[in-house]
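Listed after this line are the structures, all set down as C-alpha cells.
After this come two complexes, each holding chain A, first together with chain B and then together with chain C.
Let's look at the complex of A and B:
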C-alpha cells in the first residue's frame, strides 16, 4: 500500500487549492452579505438574512449535487473543480458573513458613533476605524473556519474531484487495504490543519495580550 | 408541482433514516463527549493523552474520511459493519469530539469566583462541582450543544457515501429514474432546510427562556 503514498500525497495540491479558492470567494462575498444583513432598510436586510439562512440550512453535499447534477438541466454546466470551488465558496460566504456580523456587534456602537462625531465620512469610518479593528477581532474565528473548510473540501470527492479523499478511495479499491489508506489520508488532513490551528492560536493569544487591559 | 410533491414523498423514508441516525449518534455523542471532557482532566497522564488524541483526531478528520475509515477500513481488521452501525460509530466519534470541547469550554466559562465562593463556603469539591459549577456550565453548554444537533442532522447527508439509504441516496436514485435531478435535489434541499430552520428557531426560543432569569 505504501507505494501509493506518493499518489495520495499528490492530492494535497487539489485539496489546498479548493480550500484556498473557496475561502477567498467566501471572504469576499461575505462582506457585502454581512453589511446588507445589518442594513437599516428592511428591503435590504431581509433578503440578505434569508440568503445567509438558506445557504447555511442546506448541507454542502446537497448544494454540490444540486449544482453538479441539477444545474445542467437549465443549461449551466460546470466541471467538478469549478462546481466544488464555486459552491463551497458561495456557502462559505454565508458562514463568513455571520462571523463578520459577530465581529461588528462585538465592537459596539461606540467606535462607530465616535468616528461619526469626529466628522469622518461613511467610507472613511468603514475603512480606517471599523475594518482594522474588525480584522483583529474576526481573524481567529476565520482561521477556525478555514480549518473546517479544509475538511469540508473532502466533499468534492463525491462529484469526482481528484483530491486527497478521492485518491484515497481509488487506492483503497486498487489495493483492497482501506484501513492503511484512510489512515494515511487522515494523517495528511491532520498535518494540513496543524499550521492553520497554530496560526489561529498565535493570533488569538497575541490579540488577548493586546486587549486584556480591563 | 405534482412531480415536486411526489419527490418529497419519495424522500420521506430517507428523512426518517436520517433522523434516526442523527438521534442515535447524538445520544451516544453527548455521553462520549461528557466522558471525554472529564477524562481530559484525569490524574493519569496516559488517560489524559488518550482522551486528547480521541478528541483531536475526531475533530481534525473530515467526517467523510472517518466514515470511509470505518466502513471500508475496518473490514481489513476483520470487523464488518453495516452502513447504519458504521455511520452511528463515525458520527458518534466526530460529534462526540465536538461535544466534549463545548462541555469543556463551558465548564471553563463559569466565572472563577464561583469556584472560590464554593470553597469559601466550605463546600466539598464534589458538592462544589455538582451543586455550583455543573448547573451553571450546563446552562452555558445547552445552546451550542443544540446547535451541534442541527449540524449533526445536516451531516447525515454524508452517510450517502457509505450507501445508507437516507435522503441523498433516495434523491439520487429518484433522479436517475426521472432524470429530473434539479427538481429532486431542490426537494431534498427543502427537506433539510425545513428541519434545520425550524430546529434553529426552537433553539433560539429556548435560549431566550434560559436567559430570562439571568
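Let's look at the complex of A and C:
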C-alpha cells in the first residue's frame, strides 16, 4: 500500500474548502452581476458586461499571480488561502453570471407578465416566480461549473496553498514516484467529482419528472 | 357610495389611450367604458391592437398617454412621464387578467398557483388562501387537480386554473386576452362555459376574443378595433347583423364566412 496516501488525503479538506467557498462567493456575486448585465440602463449594463468579459478572458492562474504577487506592491497583502478563495470566487461570479443570464432568456416572458398582472412586487416576482424556475434551468450547468472549479482549485498549489495537488507534489519529490503519487491524486479528484455529477443528474431528473420550465 | 356607483355610470373607464411601438401606432386614442356588471367583447382582425389595448388597461404595457379608472382608482399617463410601480399597483389590484397562453407558474402546483398572490399581495394566511383556492378550483371543476403541476393538466384545465388564480384576488373587473385562442374548440368550450357563468354572476368583463358566438351570445356590447382604433361599438346583434363600418363588414364576412 502506498504509504503516503493518508498524507495526500489530508488535502481533501483544503480542496473542498476552496471549491465550496469560491463557488458560494461566485454564486452570490453572480446574481447582481447577471441582473446588472441585463439592465435597461446602459450605464449599469455596460460596466457589468465589461467586468464579466475581463474576468473570463484572463486565465485564473494569471489572476492568482496578480493578486498574490502583484497586489502586495500596492499594499494589499493576502495569504495564500484568502487569495485562492477570493480570486476563484470573483472569477466564478463572471462564469456563473453568464449561466444565470442564459437561464433568464430561457424563461418565457409570459411568466413575468402573469406575475405582474397578479400584482406581485418586483421582489416577490424574483423570489417566488423567477428564482425557483431559474434554479431549475441553471442547476445542471452550475453543477458542471462546480466540477470544473473543483479542478481549477488545484491552481492554488502554485501559490503555496497546501491542498491535494500541493501535497502530491511534495510526496512525488520525496519518493521520486510521480506515477503512483499523481495516480492517487487524480483518483481522489475523480472520487470528489463523481458524487457531484451523480447528485446533479438525480436532482435534475427528479425535478424534470414534476415540471419543465420554458 | 361614490358617484361612480350610480346606475349606468362607467365602472371601468379608459380614455384617450395611445400606445406606440417605435413608429408604429398600435393603439390610437382608444376610449372605452364599462358599466358595473357589463360584459364587453373586443373583436377585430389580427394586429388591430386589441391585446395591446387590453394590456394598457392594467398597465402591463405603459401607454404613451391615456387615462384609466376602475371604480374610484384612477391613473393618468402623460407623454414622457412613466408612472411608477407603486402608482400602478392600486389600479392593477382591481383587475384580474387571463392570458392566451395561460402563463401558469410551472414550478408550483395548481393549488399554489392560485394561492401565491393571495398570500403575497393580499396578505392572507396560507390556510385562508388555500381554502379560498379550493373553493374556486371547485367552482371551475378542478378541485381534483389541486396537487398537480400545470404540466400535468390539459390546456383547457390550465386556462380554468388561470381564471381561478385571477378570481382569487377578488378583482373588480376581469380582463381576458384571447382566452381560447390556444385551445382546441371543444376544450375552449369548457373555458367559455366558465366565463359565461362568471358573466351570469354579474362580473364586469372585458374580453378580447375571436369567438364570435361568445361575443354575440354573452356580451352586452361589442367593440370593433381596426388598425389600433375603435371603428364601431354597439349591441352584439346590431354590430353582427348590420355593421355600419366597411372594415367591420369585411372582418365579419371573413370570420363568419358570409
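Following the convention adopted for this analysis, the second predicted complex is superposed on the first by the 209 of 214 C-alpha atoms of A that agree within 3 Å, B and C clash if a C-alpha of one lies under 4 Å from a C-alpha of the other, contacts with A are read in each partner's own complex, and residues count from 1 in each chain.
Everything below uses one rule, namely that a contact is a pair of C-beta atoms (placed from the backbone, for glycine too) under 8 Å apart; a residue touches a chain by one contact, two chains touch by 3 or more.
Keep in mind that this is a model prediction, so the values were computed, not measured.
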Simultaneous placement of chain C and chain B on chain A, clash or fit:
fit
Counting only touches as set out at the top, which of chain B and chain C does A:177 meet: first, second, both, neither?
first
Based on the superposed arrangement, let me know which partner A:19 touches: chain B (first), chain C (second), both, or neither?
neither
If you count the residues of chain A that each partner touches, which comes out higher, chain B or chain C?
B
Touching A:141 in the superposition: chain B (first), chain C (second), both, neither?
neither
So in the superposed three-chain picture, is A:186 touching just chain B, just chain C, both, or none of them (first/second/both/neither)?
first
If we overlay the two complexes on their shared chain A, which of chain B and chain C does A:114 touch? Say first, second, both or neither.
second
For A:37, select first, second, both or neither according to whether it touches chain B, chain C, the two together, or no partner.
neither
According to the stated criteria, A:87 is in contact with first (chain B), second (chain C), both, or neither; which is it?
neither
Closest approach of chain C to chain B (Cα atoms, Å):
23
Chain A residues contacting chain B in one complex and chain C in the other none
Under the touch definition given earlier, write down the residues of chain A that touch chain B in their complex.
53-54, 56-59, 61-63, 65-66, 69-71, 73-74, 151-155, 157-158, 165, 168-169, 172, 176-183, 185-186, 189-190, 193
Within their complex, chain B touches chain A through residues 56-57, 60-66, 68-69, 72-77, 154-155, 157-158, 160-161, 168, 171-172, 175, 180-186, 188-189, 192-193, 196-197, 200
Tell me, which parts of chain C touch chain A in their complex?
55, 58, 60, 85, 89, 92-93, 95-97, 99, 101, 103-107, 116-117, 120-121, 149-151, 162, 165-166, 169
Seen from chain A, its contact residues with chain C in the complex are 108, 110-111, 113-122, 124, 128-129, 132-133, 136, 210-213
